[in-house]
Structure formats: structure tokens, C-alpha cells
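Every chain is named by a letter (A, B, C and D) in the order it is written, and numbering of its residues begins at 1.
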């Protein structure tokens, strides 16, 4: 078997994730990269349930469940205590939260934690809505998506605004390292996680983690669909190291797929009208061009 | 001696609270019990403020504001006419004012019938410290008038309190100002 | 060593003497001097601690919980709005069994904005599973902090503790405070060594989900049990404290001249010491009166109140807070504690001091006069003392 | 240290202070969730490991270089079959008991 993916598994079988869960895959990869000398804080999100009910847990690393908005503060406290106890050396402190816990309710604590410069790694697995509570819109939900709080019936009541760009918000914090990753590209994800582990200081990783239950697609399509998200440039894979941008999955213009190819794979976009599809295409093109400009101006080799 | 209450008037930034604490700390050296506290609330630079000192030879139990002071010290002459500095002060009480005016002139302005002492603490501060910071001079004058503590003890706590914050030169200047004010005010 | 310290500075020194390893706090008037003093003590090299200057009170408590679970002794301080913002995580702290010690400066809750003394903020945290102590002097603040660490960290307790002191009346009032020797405090407190911690050598998941038929119910029972243990531990630790340091504060319910008291005033916080003066004055006039200072609100001193009530004719409860739609919380709780006694004293309620309205000797005497006038034997409704336009 | 299997607390006194989980989820045989079962055709398999890589339930074991489905835990999502570049895995309906 030819693979660069570490063999160690620190996520036990028997966990409570849905069939085809992107979030479960994301955790599996992250743990492989970070190893057993890591310590997690997890707020309310699917991953508050996935590890299993007391007295069982699928996590082979220490973990603390924290209040929804508290992840950034919790990892700050963990790091401070490890330092006070002289136990910080060689231990990676990780905050692991969903998009709601990161982009919405947890953004203040996250912003505070990285601004203070704690040596912590914050990882957001993004399934683009409040999935644990049953698919309500978050600020990570893309424009046009159906959720239970943006229902689509006779009216076009789907999500009206574009996804919040948390990655650039984190870049603006001037932290050592910010990156995106996708469950479709585990080698890339693992390389980035290993890089975070070696960097001293706050790092942010944003993982694209599809949810078959909430996005209304068959569970076997998780990886295929993730790949499409990157190939359409909806979810670009890039990293910003000490202010230097780098694209990790380049999509050449002739290979760039139309957004509609991605939208039609999921039931949550089923009722979209032509106008919205076009506006989404324009938005994606615009964001992609902006990113390419940044790489041109602030690329690693510049 | 029983419970003695002092009210200090000044403006935010003039070291009013520090003056109230200096007297309290000096009183401790003589075996007394004390409380020192600012007017309750946010302090704003330039705004009129108050501070309080309680001194007693018995433990002080009371925890409420001071309404009937025995001594009032006005650190800033511009407060006269702006703030009711004699509020709650009986005719048995003592009013001390930092002012170039004489005690008689102050009496005329305020119509207060108790004992009034005037001291030009700002001038003393300018002469000794080079800045119009009259809090230490006022404390020196208050010690002379009230006989609450020995001058030496006020000088001692001044040195201790400012030891970490001010350079040696400034501490000496403040001590000189205290001594000068102590000499100048006539009882 | 004797120093002149405000209630705030006493709290800062308390955290240093207890060797708090992680402090996470956010500034709020009138607590700011605590965090400033701690920062000064760190800057001067006297205090070695990890000071996390968080971006909110919610984060202050969340960080303290996580730090405690890693095994660090933790401290935080807040007031009013800050305590309100912490509310969610206060529950989290107690149910995680993290023995955090927190100082709360009792301050009114907005609107209107008010930074003055009022106990609504801490009373509103009654059911969060925190021990609650109310102090009346700067020395008591410092001493109680040390006592709280010892009680909270006891392996049969492991519950967080909140120390409340009144805004300005104590937080900003400087008094003489005797600072015990560091070695003596070390010897008294020992190290914080919890049995289970977040540790990469022994991976466990803290705070897992529990179904209704599983263990949630039992975990809550264990917390209830721990609070009962705390009730005894407080007395035990206070005895030890007295033996070592020569000071004590009367346990859960601090009784002053209550032995033959016909009228007993119940109060918490800085107004208690003013009441002592009033009691002395009335005793000089031959009135049999005493003070029962509610030093510990949780666990509530039920037995102490019952014992006290056996001899008193009137128990007057003074509340510096109000539960809308009912009455003052202390009033309710004292009545409840006495309910099934065969012979009960008359329990009267007085609301006063809210929003920092000064509780002077005159105010206390007004309460006492009202008690003296009472001839009734059945419970009377409470009164708001000094309400503008309220006098009949 | 390794985690524990099957833990039951009959008495509240035996519980830890707070819900601190020491056990492993290996006690939960999630294979029972499955309605579709992956069948691997070892003749078509090129041992690339892609099925192992993409399994969210850690239920593809590698035995003697070849993939083997751990049916005790496999939930039957079908990602392995969908991603296999050699069509070596098919999903078949679970037979009812």
C-alpha cells in the first residue's frame, strides 16, 4: 500500500457519526497527524455527540467538552495551565469546533485566543450549518442553501447572503499560520496539521467537511463532492504562512468546473433559480480572482 | 480619641486619595486603626472628587460613607464656591484650605463659623517640588493642625509609599514640601 | 506583616499567597484594582503565575475551568455584568468539579448604569453550584480566600467558591491587613493535586454526554452531597486556620451578641459591621439585640438559623437585593429554614441599600425601631426602607 | 495506558466526580446500522489503500496488504465503493435476519 498517511488511528471505531460523515474523516486525519501528545477542547457541535456517551469515548487523546462559545478560551486556559505546570513542551493544544461554534457564537473567544498569541491550534470542521441541532443556517451556510431555518417552499426563502469568510478574518489576525483543507485531500490536510504542530503560536485550519444528512446527498458521495467543491473553486485549498499566501491545489482555468456541477449534487440547492445560480457563479469567480491576486502579490516566492 | 473622620476635597489627578492614605498609614504607625477610601464611583481627571480617612484608637467597624467629618481639607482653592466643602461640618469642626487667601478671607467667603486654617500649599509645592501638586503639602499642614500623628511618621510613610513609584529626588522634594507646610501653617 | 490594603488589593494578595497558577480575568469597575494589582505583583517579580488577559468574563471562567482540569490552581475576579455574563459557565465549573476561587465585587446590575454596592449579581447565581461567602473587612477577604482554596480543593468537596465583597465599601476601602507568611500559607494549603486531570499520558474525555436513564441524575446528586460535605469542611478548616493564624470569622453564620437577643438582625456584607455598631449602641440602652451575619449563603446555614431562632422573638432579615415577583432572597431563605420549627420567631424582611444607597447607622436604627414597634406574631410583608415617597 | 471496555456503575458512589469517560467506543458495534454491505473483489484490488484512507468509520482493515471490511463496525456508507478507482468494491443489500 503506497500512502503517506500515518497508520496510527487515535479515533476508535464505534463512534456515533452518521454514515459518510465528513467531520469524522476530518478528525481521523487530524489525529493521525498530531499524534497522541495532543489535548482537545470541543464545544457543542456534532463532535460533542460523535465520541459517544459517558463512560465511553472514541478519542484516544484527552478531551474536554466546553460551552458552545468557549473553545478559544478553553484552549487558552489549557495552554496556560500546561505552561504553569511545566508540561507544555511537546503537547499540542487543539480547539476543534464546527462552523457555528467558530464563525458565529465562538468567534469572540477564538479572536481573543489567537490575538493573545497562545500556542494553540484551532481547527474548524465546516459542514455549513448547525447540523447537530438539525440543520439550521449558520454564517457558514452558502447563499442559496436550504436549511430548516431557510426553508424553501412556494417562496424563495433560502439563505440570502454569502458565506462569511472566516479564513481571511483569521489571516487578518496576523497569526503565524492559517490554512484551508478538505477531506478530499487527506495528504494535504495531514501535511498542514504536521506543520501547525511544529509552529509555535496560534494556527487556524478550516476543513471542508460535507454532511450527507444536512446537504441531502447520498453518503457515498462525500469525497466526490468535496473534490468538486475545490475543482469549482468554491472551496480553494490554500495556506498563509507568516503572511505569505500559497495555493496548494491550483485549478487551471480550463479545468475549472462550473458551480452548477457542484450545486446539482445536493438536495439543499434543488430549488435554486437561474438568477441565484448565476450570482453564485459570479461570487465564486470574484473570490477566486481575489485569492489569485493575493497569491500574485503576497505569494511565498515574492 | 474615638473615631475621627477627615474629608478631602480635590480634583481627579491631584493625588487626593494618596493624601488620604498617607495620613491613614501614618496613624497606623502610632497604633491606630484606620480606613481610607475614595468617593465611591468612577474618577475623572479634573472633576471634583472627595476622599476620606477614618482614624480611631479602636477597630473601625462602620462601613458607610462619611457624612459628618471632623476635619475637611480642601486641596484645590478653585473648588471654593463650586463644591459645598463645609457640608456636614459642624462649628466644632476644622476646615483647612489650600489657598493664597487668609483664614479670615476664607471665612468671609464661606460663612463657616468653626476653625479655619489657610495654607498656600500650591506655592509650597511649586517652591519645593516644582509642580503644583499640593497633596503632600496639605497632608503636612493637616498633621500640624490636627496633631493626629507625628510629623516624622508622615515623612516615614511618604518615603515608603513613594519609594517604588518616584525617583529619589522627587521623594526628597515631597518630604521638604511636607515640612515646609508643617512649619508655615500657624496653629 | 501588616499592610494597608483595599478589599481589591487583599484579593490580589490572597491569590498570590495561595500561589494561584493560572489567573484569567477581565477588567470591570470596581474590580479593576484586583487585576491591576496582580499585574503589578507579576511585573515586580513577586508573583509567578500565568495571567491570561481574556477578552470577556465568559472566557475568563471558561479558561479557568480548562486550566483547573489540567490541574492548575486557578483564580478569577469579576463584578456585576461580568458575573452575569459568566452565568452559563458557572454551572459548567461546578459540574466539572473544578475548585476555582473567584472574587466577586457586589455591584448593581444595569440599567440604569450603577457601579455601586448591591448583592443582586451574586444572589442571581444562587443555583449555579458555587459556594458563596460574603465578607465585611479587607482582612476577612484575604483570610477567606485562603480558606476557600482549602475547602474547595478538598477531595470530598471539589466545588468552586465565590467570595463577595461590596463595591467601594470594601473593594476601595483601605484597612490594615495582616499578611501571613508565605511558608505558613504553603503549609496550610498544600498543593492542588486533583485525582483526575487532562493528561496526554492518560487520555480521558471530560464532560461526556449522559442519557436520562444513565448517570446525569447521579452526578447532580454527587454535587449535592459535596455541598453537604463542604458545610462541615468550612467549620473544620476555619478551626485549623484559627489555630495557625489566630483569626476566625464565626463559621457559616457569624453571631454577634445573639446569646440573649430578643431581636436578631440578619445581613451579609459590609453593612454587617455597621450593624455591629448599632447593636452596641442599642445594648448600651438596654435593648437585647444581636447580629447574625450571613457569611455563607451556599451552603445555607440551616441548623445555625434554627438554633438561633429558638430564643429570638424577632428575626429581621436585611436584603441588599430583590427577587421580583416575591421578596428579598435572604428573607425567603431564612423563613424557609425555620418553617417546620414548633415555635418560630417572627421573621421580618427589609429591603435596603440597593444600587449603592448608603446603609448608614441611621438606616439600621430605623430598621431596629420598626422591629421594636412590632407586636404582631405572624409574618409580616417586607418593607423597602428609605423609599422616596414610600413613608406612610 | 489503554482504555477500558464495558463499564457499568451500579452505585453512584462508584462514579467519578464528573462525567469523565475512560472507556472506548469499541463496545458499540455500529455494524448494526448497516443496510448496505461492501464486498471487495480481491482479484480487481490493486492494494492502493484508497478505501482505507477514506473510511470515516476506520472499518477497512489491511490484512496481508489487502483491504478487509470490519463488519462489526462498518456502517455501510459506501464511500469505499464510490472512491475505488478499480471498481473492486460493490455495495449489496444486507440480507434481513
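Simple rule for what comes next: a contact is a pair of C-beta atoms (placed from the backbone, for glycine too) under 8 Å apart; a residue touches a chain by one contact, two chains touch by 3 or more.
Source: prediction; values computed, not measured.
S.K.: Which pair, C-D or B-C, has more C-beta contacts?
M.R.: More contacting C-beta pairs are found at B-C.
S.K.: Could you state the distance in Å from the CA-based centre of subunit A to that of subunit B?
M.R.: About 63 Å, centre to centre.
S.K.: With chain centres taken as the means of their Cα atoms, state the distance from subunit C to subunit D in Å.
M.R.: Computed from C-alpha means, the inter-chain centre distance equals 52 Å.
S.K.: Need the CA-centroid distance for the pair subunit B / subunit D, whole Å please.
M.R.: 80
S.K.: For subunit B versus subunit C, what separation do you get between their C-alpha means, in angstrom?
M.R.: Using C-alpha averages as centres, the distance is 35 Å.
S.K.: In subunit A, which residues are in touch with two or more of the other chains?
M.R.: 51-52, 54-57, 60
S.K.: Give me the residues of subunit C that touch two or more other chains.
M.R.: Counting only residues that touch two or more other chains, subunit C contributes 202-210, 215.
S.K.: Give me the residue numbers in subunit B that touch at least two other chains, ranges are fine.
M.R.: Within subunit B, no residue contacts more than one other chain.
S.K.: Going by the touch definition at the top, which pairs of chains touch each other?
M.R.: Listed by label, chains in contact pair as A-C, A-D, B-C, C-D.
S.K.: Tell me, which parts of subunit B touch subunit C in their complex?
M.R.: Interface residues on subunit B, with respect to subunit C: 21, 24-25, 28, 33-38, 40-42, 60-65, 67, 164.
S.K.: Name, in rising order, each residue of subunit D that touches subunit A in their complex.
M.R.: Its residues touching subunit A are 3, 7, 9, 19-30, 33, 47-49, 52-54, 56-59, 62, 65, 70, 72-73, 75-79, 81-83, 91.
S.K.: Applying the document's contact rule, which stretches of subunit A touch subunit C when the two form their complex?
M.R.: Going by the criterion above, the answer is residues 36-39, 41, 48-49, 51-57, 59-67, 69-70, 72-78, 80-85, 87, 91, 108-109, 111-112, 115-116.
S.K.: Provide the residue numbers of subunit C that touch subunit B in the complex, in ascending order.
M.R.: So the residues of subunit C in touch with subunit B come to 2, 4, 6, 29, 44, 115-117, 136, 166-170, 172-176, 270-271, 273-274, 276-277, 356, 358-361.
S.K.: Of all residues in subunit A, which touch subunit D in the complex?
M.R.: 1-3, 5, 9, 11-17, 19-22, 24-25, 28, 51-52, 54-58, 60, 183, 186, 212, 218-224
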